[in-house]
Amino acid sequence: MIVDSALYRDGSRVEAGGDCRSLRTQTSEPGDFVWVGLSDPSQQEIAEVADVFGLHPLAVEDAVKAHQRPKLERYEHMFFLVLKTLWYVDEQDAVETGEISIFAGHDFVVTVRHGQGNELHSARTQLESTPKVLRHGPGGVLYSIFDRVVDGYLAVADELVIDVDEIETSVFSPDRTNDSARIYTLKREIAEVRRAVMPLREPLGRFVAGTVAGVHQDAAPFFRDVADHLARVAETVDSLDGLLSTAFDAHVAQISVQQNDDMRKISAGAAIIVVPTLIAGIYGMNFEHMPELGWTYGYPFSLLLMGIVAGGLWVVFKKSGWL
Amino acid sequence: MIVDSALYRDGSRVEAGGDCRSLRTQTSEPGDFVWVGLSDPSQQEIAEVADVFGLHPLAVEDAVKAHQRPKLERYEHMFFLVLKTLWYVDEQDAVETGEISIFAGHDFVVTVRHGQGNELHSARTQLESTPKVLRHGPGGVLYSIFDRVVDGYLAVADELVIDVDEIETSVFSPDRTNDSARIYTLKREIAEVRRAVMPLREPLGRFVAGTVAGVHQDAAPFFRDVADHLARVAETVDSLDGLLSTAFDAHVAQISVQQNDDMRKISAGAAIIVVPTLIAGIYGMNFEHMPELGWTYGYPFSLLLMGIVAGGLWVVFKKSGWL
Amino acid sequence: MIVDSALYRDGSRVEAGGDCRSLRTQTSEPGDFVWVGLSDPSQQEIAEVADVFGLHPLAVEDAVKAHQRPKLERYEHMFFLVLKTLWYVDEQDAVETGEISIFAGHDFVVTVRHGQGNELHSARTQLESTPKVLRHGPGGVLYSIFDRVVDGYLAVADELVIDVDEIETSVFSPDRTNDSARIYTLKREIAEVRRAVMPLREPLGRFVAGTVAGVHQDAAPFFRDVADHLARVAETVDSLDGLLSTAFDAHVAQISVQQNDDMRKISAGAAIIVVPTLIAGIYGMNFEHMPELGWTYGYPFSLLLMGIVAGGLWVVFKKSGWL
Amino acid sequence: MIVDSALYRDGSRVEAGGDCRSLRTQTSEPGDFVWVGLSDPSQQEIAEVADVFGLHPLAVEDAVKAHQRPKLERYEHMFFLVLKTLWYVDEQDAVETGEISIFAGHDFVVTVRHGQGNELHSARTQLESTPKVLRHGPGGVLYSIFDRVVDGYLAVADELVIDVDEIETSVFSPDRTNDSARIYTLKREIAEVRRAVMPLREPLGRFVAGTVAGVHQDAAPFFRDVADHLARVAETVDSLDGLLSTAFDAHVAQISVQQNDDMRKISAGAAIIVVPTLIAGIYGMNFEHMPELGWTYGYPFSLLLMGIVAGGLWVVFKKSGWL
Amino acid sequence: MIVDSALYRDGSRVEAGGDCRSLRTQTSEPGDFVWVGLSDPSQQEIAEVADVFGLHPLAVEDAVKAHQRPKLERYEHMFFLVLKTLWYVDEQDAVETGEISIFAGHDFVVTVRHGQGNELHSARTQLESTPKVLRHGPGGVLYSIFDRVVDGYLAVADELVIDVDEIETSVFSPDRTNDSARIYTLKREIAEVRRAVMPLREPLGRFVAGTVAGVHQDAAPFFRDVADHLARVAETVDSLDGLLSTAFDAHVAQISVQQNDDMRKISAGAAIIVVPTLIAGIYGMNFEHMPELGWTYGYPFSLLLMGIVAGGLWVVFKKSGWL
């Protein structure tokens, strides 16, 4: 589906109408460029756009298929960029991923979105209100999208920090918690975030270094700003992964400690029952000469004795921390 | 065994007949090349082919012996490439490996297959129907084989993802499962996949950089596409390996938790038997003055008492989560 | 808030008065520079300063927002440096972090502090009493701040060494201690220190190499001194992290050893009760011909027998280390 | 001890007789070279040889002392190479190490062997029968020794693969095995193999790159072949080390699982004894009105009841997998 | 304290007397140099020496303060080197560290020692007896000190190997040993050795490469020899660290195995007591018709029965490896 397509001239949108082919023919002055936005395009839609802008077939195939790794590929007159978008779904405590493919030449940008996420729409809206950035042409568009996408990463990283804090609280709570499944799931999601973030560093570095043809040298500080955010996400994610590993080990240690506590509690309880049983056994012996057996209050005495012994054991175990 | 040998000219197969020696003599125009396909060749077969195309003895030795590491070696007028093929055998949940050795010069390609796998046959069939690629000569053939082989890796990686998902489900199921053997086996297979995939990255990178003599610069984007798939396999495999390690740790934690649960269950059960035993012991004492012993319903009363105590304990343990 | 602003000429403070705009206009001779110190500045304050010194908007944004990674960014006529400050709060055994952003050009330094910490004030005081360093201009100011900040790191590292020593003592003490939470917390703080320290190495390296424009080559040995301290912090922190991991493993091993000891102690205790119970059971049997039952001292004899057996078991278990 | 010394000319051994000093004087034509083989030489023997060929004193000291790391050192007119030899002793399941030091100049090779291993003798024998390689001079000798030594590594790696397979079988067998000592020993041996193999890669790489003076460029493919085998050993050894770590973890998991199984088995067994004890306790109570006590077959009935209860428990536990 | 100071000319000590200032004035011929040896110098002593030889204040500060990292710093006319010395104290099984700071220019060497260790004295003694090395001037002195210090590392590494062997024996002995504290301590010492050894590699590499001004190119093989020993220490230490980790894991596994063995032993012991208790309970039942109760030898029979059952269980458990 073609979501939006427009001609931009000197930092503002030109209401030119028509399909992308006619739009491109209208790029007459230097700095003019067309931005076509596609969303889960059909084979035919992408084919037409590819034809208009002369996109490389391999890149087009990648843009259609989705499930690509983040990457930057240079072709003769254009480059092709794949970004992963990330967002956090609160209801499921899960990280979802989408994909944006971008073709950019000196006078056009074609963006292809897979999955949900409105980074592209909001990037376009914001750009159209900041002519200063828009005047940078395709480079400005790229910066704007990068900025949105990486802001999304930061938001996800913040949510993951909260999740790790929760797990931490749970692990060290005195309650019996089984956190291993949750830690596993979170580690899995962190791995997913890492797969989106890590391969992006190298391409972004090329924008920062200003070695991508068609992107103006002046834009470098802006890309550096995005790269800095990306580095922050990467550091956070690495740090969380390490913390989760430590939390997991602590969780296992807690299980051992609890088992030890339980064992001692059980043993103390057993002693409190077994010692009176021994006393009952003694008064159940059949000796002819057992003075207590003839006592009028022998029976209550024996029960009292059991009670005192059991109580005494209870006190002893309580004091020594076994109960 | 010589599987197939043919002369290719201008993107299509020339029905020229004859053995490979005669085929080679027929390569008259620039771009002509001979493709000889061998499968588990005898010493004699390979010797003849080596003689016709002037293959380096060390490379020939490697091609015959199999069990080589993936590698790319340059000789004066040819290069020698070893690839590992991978496929997944559903019946055994196992990854199998084969090997393809390729000798390529400016006017010939000699492919040697060890083990099963029909990457070579299908590559040839498909190439013969796409003259555009075939016209690239030996470079096109190489691309086509690389593409097939790496597609095979992707398929294996997908199967491994499923296996890891299954293990994950098993580890976190409430059932008592002993997953360590399965995790071990899977880790072993992942190591095998890694041995096929990792050493291939460097040679493939040389094709992408276009520094392999005899392979046209224009082919670089195609090799880059294959390299991208290879990187995806490598990332998946690394990620799975990490997940398996985490899953294994979680499995060990689950064992501990279950042991703890069992211990508490057992202790609760023991208490339910031991307390009535104490009561029986008490009424088995031989005191002369034990009023209950003379009661008409003393016996049923004692049994009832045992039942009530046992039942009470059962309720208490049930509520506190020990049973 | 503007904390302090002054004009420096030839190594000493010029009592020139006025706001930073008027101060800057007074920089007439080469080597003159203005140092403006801000603390958690309002949007308006920073805007004015930015206007006076021509600070880059992206850097200004970073300086206002705080929570940046340590970094060094070069702009055309200035550079922008972000440092994390660290200090140890004894009451909470916790490491706290602050942030200092520094803009520096050939004739000005603007420092922005977030959070507590008086590195900037003490750096200014000390500098004003050492004209030799102050004469180096903005480079001297930078060195002085770097020196203070890294000295703060060294102090924190020393405190962490003490914390690890305490944990070590606790882990290997014969007492039952649950150190996992404390180890976890310390690992978390070490990760925080690392996030402050590690990214600083690269920018500091650039000062050491003397490749930062506007900082005099002669200052290199001084920056090398700071870099050396930073390396010491980094090494200490890495080493502590490794020790903590080992201490954690040892802690888990101690738990296992204790559980084993407990189990044997419990078993020995159980035997001491259960064997007399068997004896009582035997003398509770109803055989007609049991000579002991008729003995005058049969009952005391049986009790004595139980006592001897229990005492004997106690001695045996004591000797074999089970009790 | 001087094992063998000979003059080689144009690919074959010249029966020239005499000690090494006289042999060297006979090297008249280009390509002539002397090969002196020493085994655990005395201080005096090596001193004489060093004098004849002008060996550097530091290299000579290393060659005498043994226990060197594998290394390649260049001196003005010669180079010095240290190799570790490895072999597997079946009786002890252990890897043994020896050492070969090689001095080589344009017209001589001096080899010094420490420990057992006959790589040098067999290398000489084989070389003397392949004049083609021998004609390469000292470079050919080096290649031949390298080839032998690395073949020895491959043989050791194959044995280690078998050992790991055995451990794997043992770990996952249902038997109670204590594999940790064996895994430890094997890890230790793998570390030893690694110490022989890893430092060799860099020097061998220099031969492959053809940057070692005095070794002919044409020999590069041969050295590349050896380097390839070395890489295979390195990969195998790394892979085995990883597998052993995983196997060890699985072993620990198996211990836990077995402990759990044992605990449940024991508990079930205890229940089968304790429940009849309760029944006996009940019929041991002294109530006046217990109808069963008067029954003629009360006693067999009670025994039967105990038997049924015990049998019933046995069935229940068997079915639920506790026994 | 000034330990020794002397003027050296052409490889031998010149008995020139006087303090270091007068000694320096006597360096008249090229190759002459003064070597001043200080030990824990006072502020004043070092100040005077610094003044005589023009030492850089920052380096002097480092030399006085001690607790520096090993490093090599170049100043205009001199360089400054910090080395850690290590030795093993048998009584405490502990590694102790000292520190040597060296200032060297073309005509002087100033060595400052902190802590014990007589590397400097023995280096001077030996040098004075080998004029060949001494003739190299300050470079020769440096080599000699490096050689001593690294020999000290080798000695410490050998002691650590013995310690690890002892731990290994202890871990795998059938005795109950608690090795975790010892392994921890050893790991801590290995970390200390590593902190002395690792940072030295880079500076030593510069001497090997011959890029340190004032050190003669001819000395490179000697420094290479030292670097080789350093590499051996580094490898040994890394390898020991890995072995200790594995030994620790094995230790934990042994604890688990022992716990399992104990549990089974305890259970078997419990069964041997509990089953006779059941028999006693049976003959304690109050049925009117229990033929055994009337038998003349009923009581001994019952005891015999208990004995046989207990003995039988003992045999069964012994055979199945539970006892």
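Each chain carries a letter (A, B, C, D and E) given by its place in the written order, and its residues are counted from 1.
The rule is short, and it goes like this: a contact is a pair of C-beta atoms (placed from the backbone, for glycine too) under 8 Å apart; a residue touches a chain by one contact, two chains touch by 3 or more.
Quantities reported herein were computed from a predicted structural model and do not represent experimental measurements.
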Separation of chain C from chain B in steps, with touching chains one step apart: 2
Co-neighbours of chain E and chain B - touch as defined: D
Chain E against chain D, contact positions shared by both copies (same if over half, else different): different
Superposing rotation of chain A relative to chain E, computed on C-alpha atoms, to nearest 5°: 145
Whole-Å separation of chain centres (CA-atom averages), chain C against chain D: 43
Averaged-CA centre spacing for the pair chain D and chain B, given as whole angstrom: 26
Chain A, residues touching no fewer than two other chains: 252, 256, 259, 263, 270, 274, 277, 281, 284-286, 290
Contact graph of the chains (line, ring, star, complete, other): ring
Chain ring listed from chain A, with chain C in second place: A, C, E, D, B
Sites on chain D touched by chain B in the complex: 168, 172, 221-222, 224-225, 228, 231-232, 235, 239, 242-243, 246-247, 249-250, 252-254, 256-257, 259-260, 263-264, 267, 270-271, 274-275, 277-278, 281-282, 284-290, 321
Touching residues on chain B, where the partner in the complex is chain D: 56, 58, 62, 68-69, 71, 73, 75, 176, 178, 180-181, 183-184, 187-188, 191, 195, 199, 248, 251-252, 255-256, 258-259, 262-263, 266, 269-270, 273-274, 276-277, 280-281, 283-286, 290, 292-299, 302-303, 306
